[in-house]
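Down below are the structures I want you to see.
Below are two complexes that have subunit A in common, paired first with subunit B and then with subunit C.
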Partner chain A sequence: MSEQSTATISTVTVSINGSSVTVPEGASLKDACGVAGVEIPTLCWAANLTPANACRLCVVEVENSRTLVPSCSRQVEEGMVVQTDSERVHHSRRMVLEFLGSSVDLSQADDLARWSKAYGADPDRYGNSPARIEEEIKIQDNLYIRDYDKCVLCFKCVDACGDDAQHTFAIAVSGRGFGARISTEFDVSLPDSACVYCGNCVAVCPTNALQFKSEFDLREAAAWKPEEQTVTRTVCSYCGVGCNLEMHVQDNTIVKVTSPNDHSVTNGHLCIKGRFGWQYVQPVATE
Partner chain B sequence: MFGAGGGTVSYEEIEEVDVILLWGSNAREAHPIFFHHLMTGLDNGATMFAVDPRRSSSSKFADVWLGLNLGSDVAMSNTVAREIINQGLTNREFIAHSTTGFEAYAKSVEPFTLEVGEQITGVPASAIAEMARAYATADKAQILWTLGITEHHNGVDNVLALCNLSLLTGHIGRWGSGLVPLRGQNNVQGGGDMGALPNKFPGFQDITDPEAHAKFSELYGVDLPDKNGLHLTLMFEAMERGEITSAYIIGENPADSEADIEFARATLRGLDTLVVQDIFMTRTAELADVVLPASVGWAESDGTVTSSERRVQRVRAAVTPPGEAWHDQDIIGELARRMGYDWGKPTSEELWDELRSLSPLHIGMSYERLEDGGLQWPCPDLDHPGTPFLHGWLWEDDLGGHPLAPFSVVEAAGPKEELSAEFPIRLTTGRALDSYNTGVQSGGFDSPIRYGDALDVNPADADRLGIADGELVKVSSPRGSVEMAIRIQPEIPVGLTFTTFHFPELVDINVLTSDAWDKKSGTAEFKAAAIRIDKISANAGEGESNG
Partner chain C sequence: MADLHLTEDRASATEVAAIDAAIAAVSLDPAVVHETERLVRSGTKRKNDRRHGLLPALHALQKESGWISPGGVNHIAEVLQVPPAEAFGVASFYELFRVDGAPDQEDDVVHVCVDAACQIAGADQVIADLEAAGKQVHRSPCLGQCERPVAQFIQGRRKPDWVEADAEDELWNLPQKHDPSLKLLKRVGRIDPTSLDSYVGVGGYAALSKAFALGADQVIEEVLASGLMGRGGAAFPTGIKWQGVAGESGQKHIVVNADESEPGTFKDRTIMENDPFALIEAMTIAGFATGATKGWIYIRGEYPLATKRLEGAIVAAREAGFLGEGIARSSIDFDIEVRRGAGAYICGEETALFNSLEGFRGEPRQKPPFPTTNGLFDQPTVINNPETLLNVLDIVQDGGATYASTGTGGSNGQKLFCLSGHVNRPGTYEVEFGPTLGDLLGLAGGATGELKAVLLGGAAGSFIGPDMLELPLTMEATREAGLSLGSGVIMAFNDSTDFPAVLTRLAEFFKNESCGQCVPCRVGAVRQHEMLVRTSANPSEADSQLLNEMDQVMKDASICGLGHTASTAVRSAIALGLIGGQS
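Showing the complex of A and B:
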């Protein structure tokens, strides 16, 4: 009659770098690595999205598997023997990071920078003038900007806009090969598209290709100081759903709003009011 | 509902539901993140019926849209009930075990055949029958509603009519099944929980209950009133009669938000003393003798709020308030001190613990336990995990000591204000995704998708009236007139018009809204006025409209 009467959950035991780990059935290899205390680099994976299997950064070596497998989506099977630190794994991850670093502006992708260092990735070895998209930053309003030079086509924004969360389907991939872009229908401007400005695409972007305008303006003015920011968890003031907000505050000024991925109400997602509607707290603060 | 004022299920339950009746709610725009859970339910295979005069953005996600005539909700639910009974789809065991009044109720809905239902609601009989069968035969089913149900002169009857459907089928008190009034403001649930109602102490304890009265009077050391107070609508009437001469308004903007607004403003102006405590100089604050500047509840002060799923969560100060703005509780404390009661300066947690000592629903909710993610009431002790769904007692052998849940016979009355030759068009109001209430808060940010308040009109009506998209027209009701722009919308049915109410400084829409209100709840009939649309001048419209 109630959820209290759930059946017992079956478990699976796997070996991660030689240590034995037991996790619930249906868990991913990445989850199992987490239990074993092994960090897995990811780019296109997010806790609140279905794995897109686009970036191949999270690959691991599974015994008797011909190819490396993406640990974010591959489910555990009893007795799997997994290596996350082999030369083959390192080599693959390094190549992914180098390819991306040679053609995309990763200057604001903090996690990628950390992993590039960890895996010794050297994007410059592909020459010092690799092809770039070289597009002007799209600034259409005061809510968020789009910088295509920073886009790694990880699909997170498409999935957050689509059936993983928002179900608005305002954006998808258009074009092929190097010409592939995340685009609105027929590349119309955002207000003319189906976009409802929830900003859930911005929240999941790993490289700051999608960026809140408030952050963008501060960065342009060389005044973005994440190390000085506090993050306070509170509840949105609009409607009665009870979405949790993380208020990022710098110099007693709200500079960005996010929501915790692990909150049962939001799963990290917000609407336009929760994401952008806080300006009234500080109507003159942007002066 | 059945003794406690709150949504009976948790958001996550709708992800596993089989049938959803979304009734008088545009949750896609008004409760967007709840709608995420609902869409997960649809992705998982749920069937949704949207009952709404408008083909709203929420209705577009439904399998079937039932575009009923405005205000025919009781007729619709009675027809659904009769069809369920007639088809033998009631939950007989549940009705016999847990409810009372079925015979009288069944008799009262007997006249509502599918044909009668179709005639009154304007919805094809086949669609009503399909909804009735789907709801009655579902394993798990929920009815969700918002102000499309409650903001009518018979709003309480509308709610009772929906409760009847849940009793008829046993879709209540079980995981996944229930009744969901979606709350429109971030703490409207918490306000009720805390006793900000004219007839309740905190925790929904009756003011007229001698035991509760003694408990509260003893703690506070005063003999508290033992008679119910007045709700907002009655307060305004008492002001008009001169029985209430002073008002202290905290965080509310009735000079913009009340229906029949000119009456509300005149009444506030007529007070001897008006004190307004707010974070902004609202239109109401402009009328005040004294304005007390407050800090922002959720961003500049600590406390708790309660959501639609009865989840109590903590709000925390992220920034310090400007100038002389104070936390609401400190302002009230200082007022008390000047009146001769020194309450000290309690922290938010100390006030919360005081509430926990008085409200059985909240005893187990220490600040420490609320730290992460919150808890759902009732939570009667510190080891209690909180309560995802209410009314599980309906399924217990002895009903957990509760009385039987009553069916209610409800009259199918239409809107108070009938259409006439002078005012032949219906007006209803509602929210837009990117805005909120009178716009005091949402006006603070630039939304690229905001269009302002405009009157949505069906293309056929626009043709008949000779008005173009974007044209400025004069809109009149028996109470007054405003000028506003037309937005031609195929989604709005012929004979109905719709507007938001977020820009009172541009379009004073509540000049038009009805002065009728529900005697049981005090809620005004914002959802149904009779209007007329006039061209401002024969030439102006053509010159200005550019499609």
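Showing the complex of A and C:
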């Protein structure tokens, strides 16, 4: 019986930069690269979301394919020959990083800064005043802020709010092309929208375009010190589901709450109570 | 879907009536569409069998109120169970929907084309005159009427949309009328496109009878043997698509891609306005051959006459028993619905078209999977261009081998070309594959003035010089020259052309039409346009080098053909010396 069930797990063998790796059928090329020990830069991919396929940072070269392919979502096929280090791959990744750097505020996107450096991206070579995503910061409540100047349109927040986690659909992509923005209907304020303040969109945002208000206020006061923060894991006390919480604490004060991506109950997603309901531990002074 | 949260805005009584009527006219039949699975971002699944009523509902709201009002969106959201943020996201994707506030004028909106053929014919002046006359004017991308510039389309307020030129002379665009060598266009001008009897009177529906006699498998064999290749731009073998879908099971679809928005293209409009029954018969044959029972025509929103003719033809065919259950006294079921686009070039990309029809944003899906297995509503789908399908009638009648013996061997059969710009007799021309570029220009009466360049294949194609007049316009010869026939566009430019202006507008077209989904195209198309503006379309050596780098990432890493081809025409113009090179 057990022999039979192991026999039915099909595997696929592909070549990554010349070395052969075997992975389960249905794995992505990115998974296969991981097995081969090759790091793939990603922006719109996340372990707890369906691949959005939009940023194209993860592209690799597959033999006999006219274009490069997104490794985050392309499934392995038997005998694929993959190059992750070719000049073509480097060129595309560098250009994607340059395009983003020239149009979006990436000052708080740490991963992107690291890759931009690694790939030698020079976002300053597009003339004196290249068009940018210019948006006013939206502060509409005390829980989180939206600074779409920093938005790379990775779709992560939309999918976290929608099909992939929350099923609230408070936000969507509106407009087209360079004018596309993440927005509620007619850009109504969050309190007027369907938002239930689960904060799952904030947790997945890779650029800090979405930011907890607690973090935003500290940054404004130049008092945000991630290197001094401790993270303590606990279980949410509100209901019986058993969500794991990570309390980020700075100067003996809770500054934000996340949940581990690999936790089987939450997959990183929480509800308003676990995410924001910690004032009873730490009353907020009202003036 | 969870309970929807709606703002307090309420639709007016007239908005409710207009929206409800539009939705009632759509078959929201769960037996046909039992599940819509969204694959835009490869794999997200959502059940919602009403969502494909969204585009028709938005059209009705726009017509009633002159914009997409918050109250109207709330009503649509409730009836179709679509989250309002998503309904807004969809509405804001389209040119024909206004989302930024009620218009301050009550009258109709005049859309004036500003793309190449109309640009060189004086579109700016026409717009200035209309504005001076107090009209609501919208600068539009190509309206598919390049043979009669400056093209206009009028979006009626509380009345149907129309095109002024349609009323003047509907056959104006067929200079070869009554030429006995015509095959694809042989009925144009000979039949009354509103009369099924007239169509049957010249042999209409004989091909369907023949198809029934041959049997489904043999029809596919004939299409395979014909070597017919798609006429929508990608030149994929039609028989292979059909065979793929025939081999699938479950609900299947035939979709006609009548979005025709590639600048310079208007041939499909010629077919649909003048010979609508032929397209319907060809779709029915495709349905019979592949086992698909549901047909859809997705037609661009700016083709009111073609839409009216097709809708009329479908009703007539249904009444006569050629559509519906047990068509033509057989046991085969097949029926067709027409869906109007709302102004978006990208919705001609096949997977963007599926999303648009399903009620999602017209964003292309990553391929694979391909439409033959995961098409409309994630079900097996044949998607073809109208011209492609028209060829099937003769293939079925005369046999695939006979068809394959015409043309050049590498390119079989007949081909439609759209001639516009600086030629004496612009219009849709039909030839058997073989003639050269010079021959085609000759058919159209030659260039007016001194010919400087030809845009071959559309905005996604390339500029070539007068030294290429000997180029045979076949798939193989163009491929060998590093070119593409695309959708059959031949746009001529003479020595009076302001090429910097034409190229700057062309770059603006791609900037405006990018769906915005992927980084290379969303930003690359903007940077390309900025460069042309910044340099007054006189890019330096270094600029050209940067343009090549941008082209490379758009070709390599964009999701769809729009990004892949966004720089092709600009780079060809630089190579040809039409722009740049002057310091």
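To be clear about the criterion, the second predicted complex is superposed on the first by the 273 of 287 C-alpha atoms of A that agree within 3 Å, B and C clash if a C-alpha of one lies under 4 Å from a C-alpha of the other, contacts with A are read in each partner's own complex, and residues count from 1 in each chain.
To be clear about the criterion, a contact is a pair of C-beta atoms (placed from the backbone, for glycine too) under 8 Å apart; a residue touches a chain by one contact, two chains touch by 3 or more.
All values reported here derive from a predicted model rather than from experimental measurement.
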Contacts of A:73 with subunit B and subunit C, given as first, second, both or neither: second
First, second, both or neither for A:188, with subunit B first and subunit C second: second
First, second, both or neither for A:233, with subunit B first and subunit C second: first
Which superposed partner A:180 touches (first subunit B, second subunit C, both, neither): second
Contact residues common to both interfaces of subunit A (with subunit B and with subunit C): 163, 167
Sites on subunit A touched by subunit B in the complex: 1-3, 140-143, 163, 165-167, 190-191, 195-198, 230, 232-244, 247, 249, 252-254, 262-267, 269-274, 276-283
Residue ranges of subunit C touching subunit A (in the complex, touch as defined): 1-2, 4-5, 7, 38, 41-46, 70, 73, 83-89, 92-93, 99, 344, 361, 366, 511-520, 522-527, 530-531, 534, 546, 549-550, 552-553, 555-559, 564
Complex interface listing, subunit B residues touching subunit A: 11-12, 30-34, 36, 39, 43, 61, 174-175, 182-189, 280, 296-300, 305-309, 311, 313-320, 373-374, 388-389, 392, 395, 433-436, 440-449
Interfacial residue positions of subunit A with respect to subunit C in the complex: 50-57, 59, 67-68, 70, 73-74, 88, 91-92, 95-96, 99-100, 102-103, 125-127, 130-131, 152-153, 155, 159, 162-164, 167-180, 183-186, 188, 192-194
